[in-house]
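Naming follows writing order (A, B, C and D), and every chain is counted from residue 1.
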Amino acid sequence: MIRKLLPTWPVARQLTTADHLGRGRAAQSPQSAGLRARTADADKVVGSVCPYCAVGCGQQVFVRDGEVIAVEGDPDSPISRGKLCPKGSATHQLVTGPSREQRVRYRRPHASEWEELSLDEAMGMIADRVLATRRDTWQDLDEAGNPLRRTMGLASLGGATLDNEENYLIKKLWTALGAIQIENQARI
Amino acid sequence: MAEAHPVGFQWVVEAQRRGATVIHVDPRFTRTSALADVHVPIRAGSDIAFLGGIVNHILSNERDFREYVVAYTNAATILRDDFVDTEDLDGLFSGWDPDTRSYDISSWQYAGMAAGSAAGNREIATSAAETTGAGGAKLEHGDPPERDETLQHPRCVYQVLKRHFSRYTPEVVEQVCGVPPELFARVADALCDNSGRERTGAFCYAVGWTQHSVGVQYIRTASIIQLLLGNIGRPGGGIMALRGHASIQGSTDIPTLYDLLPGYIPMPHAQAYGDFSDYVRRNAAPTGFWGHMSAYLVSLLKAWWGDAATADNDFCFDYLPRISGDHSTYQTLQDMLDGKVNGYFLFGENPAVGSANGRMHRLAMAKLDWLVVRDLVEIESATFWKDSPEIDTGELRTADIGTEVFLLPAAAHTEKDGTFTQTQRLLQWHHKAVEPKGDCRSDLWFTYHLGRLLRERLAGSDDPRDRPLLDLTWDYPTEGPHDEPSADAVLREINGHDADGSLVSGFAELRDDGSTSCGCWIYSGCYADGVNQTARRKPGHQQSWVAPEWGWAWPANRRILYNRASADPDGEPWSARKRYVWWDAAQGRWTGEDVPDFPAATPPDYEPAADAVAERALSGREPFIMQADGRGWLYVPSGLVDGPLPTHYEPHESPVANPLYAQQANPARELVDHPANAYNPSAGQPGAQRFPYVVTTYRLTEHHTAGGMSRFQAHLAELQPEMFCEVSPQLAAECGLEHRGWATIITSRTAIEARVLVTQRIAPLRVQGRTVHQVGLPWHWGGRGLVTGDSANDLFGLALDPNVHIQEVKAASCDIRPGRRPRGPALRRLVESYVEQGADT
Amino acid sequence: MTTPVGRGPGRRRLRGGPGSVVPSAQIRTYYDRPVLKQPVWTWEIPAYFFTGGLAGASASLGSMARRGGHPLLARAARRIALGGVVVSPALLISDLGRPERFHHMLRVFRPTSPMSVGTWVLTVFGPAAGASAVLAELGWWPRLQRLAETVAGGLGPVMATYTAVLVADTAIPVWHEARHELPFVFAGSAAASAGAAATLLTPASESGPARRVAVTGALLELGAAEVMRVRLGEQGEPYRLADAGRWSRAATACTAAGTALIGLGGRRRRAAAVVGSALLLAGSVCQRWAVYRAGFISAADPKYTVGPQRRRIEERG
Amino acid sequence: MTGYDDGQPRMGFFTDTSVCIGCKACEVACKEWNGVPENPFAWTGESYDNTSSLGANTWRHVAFIESGGQSTASTVQSASSVQSEDEDFRWLMSSDVCKHCTTAACLDVCPTGALFKTEFETVVVQEDVCNGCGYCVPACPYGVIDRRESDGRAWKCTLCYDRLKVGEEPACAKACPTDSINFGTLEAMTAMAADRLDVVVAAGRAGAQLYGDGPSGGVDGAGSVFLLLDDPEVYGLPPDPIAGSKHLPSLWGAAAAAAVTLAGAVAAAFVGGRR
């Protein structure tokens, strides 16, 4: 027992190894000796792009057990060469931080607080409101009789932080709906 | 650039290490200035005068790259004889109609032809300014514009330019901008010395140039300089827009914008065009690549309406809703305030903080029936009904606000597949790393499933208005636990398919007979060869410095646009040092470091036949292939609503009188007449002295836009934890502001408070014999998040650039006084006292 | 230590910038922020300096008293030492950020660390002093008691002085620059407190050596402290400022008064001995607190850090 | 001396402040990687520096110095430290970090062995060992290490020990956009520093100097070398720091003398025999 335990006592190691002053290896704990960057044990490393400004820095997203464990610059990127600014460096906190909203919140007209609402219910309610608004505000022709085929009761703002595919579907669906008031930060 | 795009700035630092001179022009001494070789403090809102001074310097000293200018720009083109310049009309160009506050642009045209623009407003003469887009031209065959390659003709663009800018002397630059002549000369000389065959110079800008009532003309002035110096289409040259959001370029290319369809095809205008053929006739160009516009449009319609789109029904062209005026966000805002808008969607945007005149936005949202907010966090725009500043002032009462609000949590970029288009037009795919938690979903999911629900609800409808929705191709495969639609499938649709359903390799394969489909023609080729080109991540160090195998740039993976101009007219590089793309006679092709932005097999000596169309109508020596005349435009005969040449106007709100003309501000600027949008009087108007200081806004490195992605993160919030204003020691002394104390900044819209940072980094300037003080405001704060503060955008009114409807928030006037702002209703009383006194005095 | 940490090419400092226009008397700082960190030690540490010193000196006093044939004095001193070694570890552990990890102190023996050395000393001294006192009271195992007493008595002076090394082996100027004097201040203070405590607990008839230890220690403390402050010069300013100044003045006053009372009247008047002893004990406590608080003031103002270092560089040329 | 025999060269930083843009990516990257908590949100008005100094919760700290320029006639306080009228205004930025000293005072005084020299000759606190005795805090001549109030243990830059172990560079150096922070063998870093000094001096940058280079000085050389554009104290750095443990012999010598004096005084009290 003692023979087994004694070598784990740094003082004993001080006496038996070159580190007599106990300033180096003798003082190292087993945890320190076995330390590894957590990224080295990631299940997967996913190629990504920084979501902040438009420089488009490459990111590596490290995943373990279905969770993002780190986000770092991608050294392979010829744009960013592995670097990230403070915002890009904060990406892990952005995507995993406690500030993120994870549940639908609903505010009834005139209410003073949020309520809970299921996602399905919210989607259904939104679909109903879109159709009702469209019905109520539909314009077929202008005063001169030119076709308009549109609704001015619906508007949308945003897209500069979205994916191209998302912007594409929004533009496609809104246009098919006859909603033309679609805008984003590019105007601003 | 170091402030807002630090990682991009690494290339500036590297260039500097290799000997480049870095010049930073900014009202403030920023983190960029700290490393720049030269910092030029400038009065906010005076850049055209500064750049115009450089144009004058180039022209009066003949420092232009003459061979490039003659061959590649419209310098030699001769203008109509009825064009009259601002220099002769005291600040107005010919064609001004004071009743409509707009120009008739016919007198701006080339002699002998009417040219359409490659981008911008192309149908000005016949319709409202909203029919924007990238358009065609009106070059009648056999009738090319008259040219004088000696540049001596008095009406050639070169001479017009020279006369126009001759007044922009170093002395005028000093008078307008507050930049001393020695400093100005240093900048002008450095630019000229670093341009030509052997060297190139680049401009970088951000919203410091766009957010003005003359924003487009700012960039135009830079374009003139770069064309005169031969810095367009060449490595190390260009004008770089440093855009601020991950995919703001993408959301312009595939526009969530009212006036465009994907690929800069204009939205059809109700009054401007009749049917499909009329639309195509008036938008397609006989010359340049816009000559294929009908193929791009038909392929788009096929992508959207599939089998329902046939030649017989004009490919469902009538399914497209029509615009009839300005429906931009600020127009929508007014309509919302007037109760005309019922439902509003916010996708990752926070107008309560991020848009000018935030108060107006919050008041307007209180008039909505319903609001859907999709964001990562509980942003100010989602909670205006309970904690907006207007609740505190008593202007809004929660119980009175009938707006129904849905806050739907969004998925982060790590939780979805998709592409961002960054600021150099590079599409980069990001892979999903993990599933989103809870109710978090991607906007792809939201839009797809919303569309699915709408279609389900309308199924069986025989109302013609529902046909576009029911006929829509909306059958994307879904995957995973949340039935996430496949972003890959969407990208394939964007790339386009041929008649066999195979992916096309580029926009050259698109046809206007309905045999091809393509969701965005400029993105066509992003999935060439069945490979997601945007997902390519070949390490940069394993390829050439152009790194063509990282991601995919539109169009056709070209990294520098108009790069034919990097070779001389004969196709030889201008110099060995600056070689980029050149004609390889042996192969009979253009070749080089990049994909040539030119028909690959069109030799330099190609001359078009009289009946040639589209790109075949341009000669082998005309690099600007999107332009009707194949040339870079020093002078813009068509496409802009506020003048063919940039000219200095004061900002809409300015304490300084325009020393050049009686015309104080851009005559064509758009104004919003609304009580919530009162304006400060400008110099020369009664009460102007109530707002004696210039105010400008900007970003800080530590924060992002309206703060939704930074004020809520502790590691960023701690770095800039409070709203502050930057003032010079002199202004602080003048107003009694105390360093680290509080200041209240007041405009006609509202008053906000900020901590006071007294710093020499924002120096007062001498302008027209008087001292002009500037107040600097970061605009990241709002009422929610880990760190909160007043929003700088609340101070600004809506005065817009008439070409693009972008608001002027980079230069306005204000007052500043020590202490915190009043609370409650007293805040409005303070502001009203300013407005009233301003009007009276 | 031989060349400047900062150097220009060819060892010539480039002083074309602000450096050249700033008079050397002017100290430049970063927003007047401290260069050094304030100690995180709380009251337990100066209290331990006192109790440890008291226990150490008392153990020596006790050992000598027994050998010198002063059984009552020896007993009192042993009891005082016992009290000291009971309280001391509690104080030390209480000050730890992670008290449950107190035993990590015995993980290594690090000769470069005065705290490590002190811990091991205390680890031997504490049980020795404790055993010495307890065995003596019980009368058990006299040989073992003697051994324990001898060990404790021998380590006593180390206990009393190593804490001075502990504070001096820091970057805090007022501590580090006093490294030659502080051990004497602490030794004197420990002796004064041990003598005073023993005087209190011993009949006047047997307390002569204790009074002499108290007076000698107090004089040593006063003298060493004065030398320290004089030699510190400007660096010693914290001893005149704020609470450190108050503690310092109180220490001098108490110790001087106590010395006078014991030295002049302690032998004859019990009351003088008692009051004098109390004053010496108070003086000893105040002295430790003066040193302790002066460290905070010294660390807080960058002028104490930058000024002497800049002068040092300039003297080197 | 430290008991490693694997031939691993000493690793270190070279922080080139002449290209620092003060973006604070290093501060954030460090915190994200090492899970360092935020500081209280407090605006200082000290230029753009709101983290103020290195500490338990700030292992990289960017200093901002506004110096020179036109002095103002008024007495208005400002973020700028006005030096003289004829000097160009400068905004200096510098990312400070633990110096990983050769003779590391924090390590030398640490009684538990929590602080130790790694195989990379960096100085690391072992969080599983530290018991929060606090001795390292006043020992550090640079004011780097501090005890975290919420936690009771001492914390500072580990030079990303865990990353180094798998051949990765530290998070701050990886993130740094302009290569102001460089990482490599100390030999390479020192050479790079000397090269950069030559360049910067040739460019006429007044006040340029190296800090922490070479094996001499009060800590026998640092594992973090800096190129500064002004005197160290302007950045909040000690101009001539000394590790207390460099004076151990004289420290113990004085203590021994004092101990002997004490013993002598006690012994003397029993000489003469007066009661």
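The working rule: contacts are C-beta pairs under 8 Å (C-beta built on N, C-alpha and C of every residue); 3 or more make two chains touch, one makes a residue touch a chain.
The structure displayed is predicted, hence computed values, not measured ones.
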| item | value |
| --- | --- |
| Farthest chain (mean CA position) relative to subunit D | B |
| Geometric centre: closest chain by C-alpha means | A |
| Approximate Å spacing (C-alpha centroids) for the pair subunit B, subunit C | 70 |
| Centre distance in Å when subunit A and subunit C are each reduced to the mean of their C-alpha atoms | 56 |
| Distance from the mean Cα position of subunit D to that of subunit A, given in whole angstrom | 34 |
| Centre-of-Cα separation between subunit D and subunit C, whole angstrom | 28 |
| Set of subunit D residues in contact with two or more other chains | 23-25, 27-28, 32, 44, 108, 113-114, 129, 177 |
| Sites on subunit C at which at least two other chains make contact | 107-108, 110, 112 |
| Multi-partner residues of subunit A (each touching 2 or more other chains) | 10, 21-23, 26-27, 71, 75, 83-90, 93 |
| Interchain contacts, given as pairs of chains that touch | A-B, A-C, A-D, B-D, C-D |
| Subunit C residues within the subunit D interface of the complex | 1-9, 13-19, 21-22, 27-31, 33-41, 57, 60-61, 64-65, 67-68, 70, 95-99, 101-102, 104-105, 107-108, 110, 112-116, 119, 156-158, 160-162, 164-166, 168-172, 175-176, 179-184, 186-188, 190-191, 195, 205-206, 208-210, 212-213, 216-217, 220, 295, 299, 302, 305-306, 309-310, 312-313 |
| Subunit B contact footprint on subunit A (complex, rising order) | 44, 46-59, 61, 63, 66-68, 71, 74-81, 83-91, 93-95, 97, 99-114, 117, 119, 122-131, 133, 136-138, 140, 142, 144, 146-150, 152-173, 175-188 |
| Subunit B-touching residues of subunit D, taken from the complex the two chains share | 19, 21-25, 27-28, 31-32, 37-45, 47-48, 50-51, 66, 69-70, 72, 74, 76-80, 82, 89-93, 177-179 |
| In the complex, subunit C residues that touch subunit A | 106-112 |
| Interface residues, subunit B side, partner subunit D - complex | 2, 6-7, 9-10, 13, 29, 31-35, 700-702, 714-722, 724, 729-730, 732-733, 737-740, 755-761, 786-787 |
